[in-house]
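Think of it as A, B, C and D in the order they're written, each chain with its own count starting at 1.
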């Protein structure tokens, strides 16, 4: 290997500088598309771009090769400016087989570039993808810039010295393409090569073959006259806060945030869960963190999962449970018990498209109703939402803080999109954070299980094993103070009021709501929550640049709502609420503030496009 | 027995005619209070009064004798005018032991009458009830009219000829008291005597003893100079629609309504349930109706119960399930499946006080949120509520109609109060009703599982066993039309829209909302749902009599709401929403109509008092 | 007019739906699907009577691939749906397909109760000892110590034996087979012939997340010595040389493997399989090495009244008692009065 | 400062809470409560370590009547709460009180899994073969044909045998007693001594809804002949004259009752109880007349590693590997870059 080859390519004179690029890698599930994507992500991050990614898995575990439902894709938006979404429309589509082209072509920007592996465009694959004629030949791709390469052949050529089987050899296709794409954007291969060496430490032949493929793709790019077809580009460094960065997915950030939160609370974390898409990665991440005193328990079902977590909180740990929509539905009864017994609990809901089983691998925000209202009885709890991968970390800490300070369940909403998407993250330092150490009760003097802290209205947390504090709790209504079973009519009213007021009082303990962008009054507020942050943010900033009177308000605290939110919203002539559901936050806002919050909904299992929000803004401003 | 004795007592000259009376019978669980109440109810109904009753059981199955938590009570409000509630404040309290007095005295109208069994006011019972001094002696009952009788002694005297044990003899106490109360209100004993003869056909000695006790109580009344203490009264006949009447509890009416509904739909009914207070009586009623083709299945839990019912609907029956709050919470996930597969299903929720286990024997309306919003995903269904015992029958039929016509789950809300309360019921004739026979699909020509009726948007119901219609359904998103699994983004939006619009379209198929009382516009609308009907109705009519500009609106259809409701409500300056919860319907109304609907809430496990609603009306009109 | 096609004229392929099968290439579920499709034509059931019910999991996608009626329900609850279906229409021929997670993790309670009630249906358990659909977490049947994404340092759960559990729950028919077993249709036919709940555990290879987990039993070279195919009335003999047998050690009350011809052991000493003996079935179901072979075939078949028939006869009785039941008459029963 | 009171100095009454007991007068639960209160003082456990967990039902009110820590949870889920409690703090002494409905109807799945996992706790099953709290519907252990408000023409469910189910689920300790049994505390002590999940089924009389349902076994005049009190290492002998015994019929592989001294039967023929033998325990647990007596005492005790200890040792190992784990360091692991 030539030392020179792996250095960053200096910006060639014939490179066009662009502020941002969206690339979509697509191929068969077996083509290693997700690995390609994450390698490209790391390299791009190292190059100083801001970025956002969107892995788009097939619903099937491993669908038959070549089928449209077996196509796996990875989209990345990276730029020399701040990046909020994975991009509405790819500028470049890499299609490693006909099915990948079939499924993804409609997304591509008009005039965008396509890189195809002609080696896979044989009759059999074309048929499997549903093509009657070869799109590379029938003119249907006119208007796009196409780079046709027989990647398969090139790869086999590049790796033949390593004595791999044909099958193993073809597995290097993705790195060949990656090398080519690196050349197009002038990217350094070193990081990828290091990664390959580490990854295949035990199979140096595989490592070498992939590295050879990577280099061969790169060399191919150098040799080919790409400026005529897909072009050569440079994307400068983005202005980002200085510091140490890593990329992080929402799932990882959430898991780490939960550990951080429990450490700041001075508690052991207990995580009871049952696998479900797309929530499982949190279980997987936490299962690896035993050294931090995190106990994970894979329960027999979601009900046992939450009940074990409530038991853990009762026994003095920070109980956490996690699931997705259908599993959260199963937890409703037990959530009521945690509310009634006033035990801390964090419930993570990685939302997916519903109703029922719905589209398990597709994203949605349709569990807000279920979160705020979905239980028997008057059963208030705290609802928080993370707005992006790294934000999961902060929101998880906030969930731990509120759950323990107020002795309450907290529903933490994230979704399939956030969970799998990755973004660069300025790594925080937990050691510098103010702990919110929980004081569990030990003094028997004057102890009553439902005697409250007058300020927070939280009851004391008295943990089994503590001498002198023996007491009984349960889901039957409890007498204010003593906690004994009470059928007293007035007491039930008192307790209902207390439970409600305790939660509403949290509004005093959370930041005032401020617009993310735009003025605090004006013509239009676009209010969102959760993973719509990216497209809303970009759309509003685009519209602000056009001089429109529009502001972005994004909620982290969904229940209770920030104390000033009503007043803030009343400062705008119009309020629109983009949501990936049929209009759920809008119900909460209209109920609470009697403002004509107008729903902008999208229920396709896909995130909003920036243009969709822009259109909604224009429409709202005009109507 | 003297023939003359059992004739109706003619209205004595010294009887005071009163328009209505509220009596509360109270005693130990073992005293037969509920039987006394139901006998008094039947006799009162026969006498031509309108009436409403409220059985108030202890939470414990059989608490130790003499304790306050073992007190059982039965309240009846009867009158010569229409009766809407069981009465705010009893005029008469019958207290068979000190605990019964202790628990109930606070409810009694100031200046009301008390009948006590002095035989039970011994030191032991006083202590068990928590009395330090004897209330009959310490002046604490000053201001009430008290009739002190040693009922125990009198009863034993009356029944001694039948050779019963002392214990058996004392069991006749309740009939002795009943005889006395019959005398006070000039009531006929014949019906009670017939009932005793039938009930104890195999134990004529017991029947005779109870009849003797009944007569002895009556004679005691005749002999005693009651006009000086509790007084003698007459309550004339109420004006009621002519016809054949019976008394009915909400539980019975609901069960019969479900059978009627399935007959009108031309289907067999399948009822899958798991016992829970206060829903179990519906299971018990239906289990006795096998001759009508009703299959009841006591499942292992609530989840299995609803799943079996969905399976039954899939197989062509009308699937019904029933539970109370915590059990309904468990059904959330499966409800989503019924919504997604668009199968008919009736879900009966007999609400009780929550959250969590709450107060199982106490009433509440706090599951409206759970009904309308409580599932994962965008998952709309129909929500109906019954407003009183006999209304349960009508609403059950409506639930069957909508479920089958629109292929949708219907949530039918009732509550512990309605379920156990009884009222006279003009018996309807099912044979005269218009059937809404369901047509299940048999023709394979052009059949697609999700091809809809263009008017109702209902999909065809194709039942296993039908040749040529074999198809697969499930909870994953289905392609519009074919019903095949579809991950197509646009299709998910289409299907979400269709599911929503199908339900919203039902608004065209339900009656326009009209005020129950008062004008269609005005100063104040009092809007309610469910079992608050009685007190709201009486309160509004009282206020209308005072000349106030107030109207009563009572919802049967909670989702979708009647098409004209928004316009109707906007015709009033102020709208208040009395609910036995922390303000749930008010959320729906504010969201839907952006009107400042103001909550009037009560969460004590007890129904509203008329005066409480009156106060709320006055407050709303003044503020 | 619909004319029912007599199933006898149908071929296995007639039971394949028009949906592309979407299991991973090499998944054991393919073979099970084929075995079912080979079974149905031989049963005397009209095609429209078949209903396939499932929960959620890879294996639970099964109904989509059958051209019969099918209901892909929710995770773990298939037995409850199937119970409602069968009670509603006892004429239907109900097949339930489930996985080790679907049937014995979240669904354990419904499994217990359907077996106890003995509702007539066939339950096919595709046991791959893993959660396939959710990408490879350990399941209740996974071996102790199995490393998976949710048990990176090894599972500490002790595995459930589905058939032992079933017998403990009151099952009246339990059998075991494996995905690629030639005569799997015969096992299915026995299950079908049994009136009541029939549970068939099928050892199923998940090539992606738990590949070769049954190799110590199913691999060609060990099969003869690690499997025993039980048959009612036949001695429990196995082994490459057909000379190993299962004996009851009456001292320890345990089963043990002996070799006929060694240490004075004769065929007489070998237990004869009695599929109506629950204690024996339980002991056979428990066997899973290292010394004892895994039992395949029908371990237990001891029919008893089915649930839906009991329901039917109570209905019939009630109807017989009141020949023309009228709801209007019912409402008028008891205490009424005319105003 | 809190000073732990050594439990040894405590009396049964010290374990009674200040809440009035609210079961029906004559309910068998009273006797069970007393038996527990008589047991605890003899155990070497500090009072504050006891945690009583229950679901919903009459029997599940139990924790309120104990002066220990107590958690009255929701219907059927107590095993899951108890599991969370015990994993979180293995030092606690966890007792779970449940009913036949709570534990085996809605709660069957959690029961299965807690037994399978072998989480250290004592489970006291108050089996009254009825749903008491909801006023008398039949339960999964109710006899077939039982008429109740939900089965007016008789239940058609075949009853579950909780101990057989438990053994099928992998339980390592099962025992049986009855409410008013004198030596019930001894059974509880054995359960407590067993590390792992210990299930004790207690035949409990519900005087209101299922009175005398166990009379055919427990009534004084039949007790000696209808009960067998099993003891490890002792022959399975019972009867008024102590001459009846349980024999294994090696032909039919079933248990049978024989009379010592009749037909050439000697004590030699009688089985000796081996509480570590699962097959025997299963057969003993199955016995419930008419010919065979009901087995009382410890049917099975065969300890194995407990779940929470396995969790602890994995934790300890992980901690040993990274002596001072730092979250900040973790976040900086892998691929990072400085801007």
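Assume a contact is a pair of C-beta atoms (placed from the backbone, for glycine too) under 8 Å apart; a residue touches a chain by one contact, two chains touch by 3 or more.
If you're wondering where the values come from, they're calculated on a predicted model, not measured in any experiment.
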**Prompt:** With chain centres set to the mean of the C-alpha atoms, which chain is at the far end from subunit C?
**Reply:** B
**Asked** Any idea whether A-C or A-D has more C-beta pairs in contact?
**Response** A-D
**Complete:** When centres are defined as mean Cα positions, the distance from subunit A to subunit C in whole Å is 40
**Complete:** CA centroids of subunit C and subunit D: separation to the nearest Å works out as 29
**Fill in**
Chain centres from averaged Cα atoms put subunit B and subunit C apart, in whole Å, by 45
**Fill in**
Where subunit D touches two or more other chains simultaneously, the residues are 74, 105-106, 108-109, 112-113, 140, 153, 157, 311, 314, 317-318
**Fill in**
Among all residues of subunit A, those touching at least two other chains are 69, 290, 300-301, 326, 333, 337, 341, 356-357, 474-476
**Item:** Interface residues, subunit A side, partner subunit B - complex
**Value:** 59, 69, 324-330, 332-333, 336-337, 339-341, 353-362, 364, 366-367, 369-370, 372-379, 474-477, 487, 489-490, 492-493, 496, 499-500, 581-582, 584, 586-587, 590-591, 594-596, 602-606
**Request:** Under the touch definition given earlier, write down the residues of subunit A that touch subunit C in their complex.
**Result:** 60-65, 67, 69, 274-277, 280, 283-284, 287-288, 290, 296, 298, 300-302, 326, 356-357
**Complete:** subunit D partner, complex, touching residues on subunit C are 105-109, 112-113, 116-118, 140, 153-154, 156-161, 164-170, 248, 250, 252-254, 271, 274, 277-280, 282-283, 286, 304, 307, 310-311, 314, 317-318
**Prompt:** If you look only at subunit D, which of its residues touch subunit A in the complex?
**Reply:** 2-5, 17, 19, 46-49, 51, 53, 63-64, 66-74, 77, 79-89, 91-92, 109-110, 112-113, 311, 314-315, 317-319, 321-322, 325-328, 330-332, 334-339
**Message:** Could you list, by residue number, the parts of subunit C that touch subunit A in their complex?
**Reply:** 20, 22-25, 56, 58, 74-76, 105-106, 108, 131-135, 137-138, 140, 149-153, 157, 208
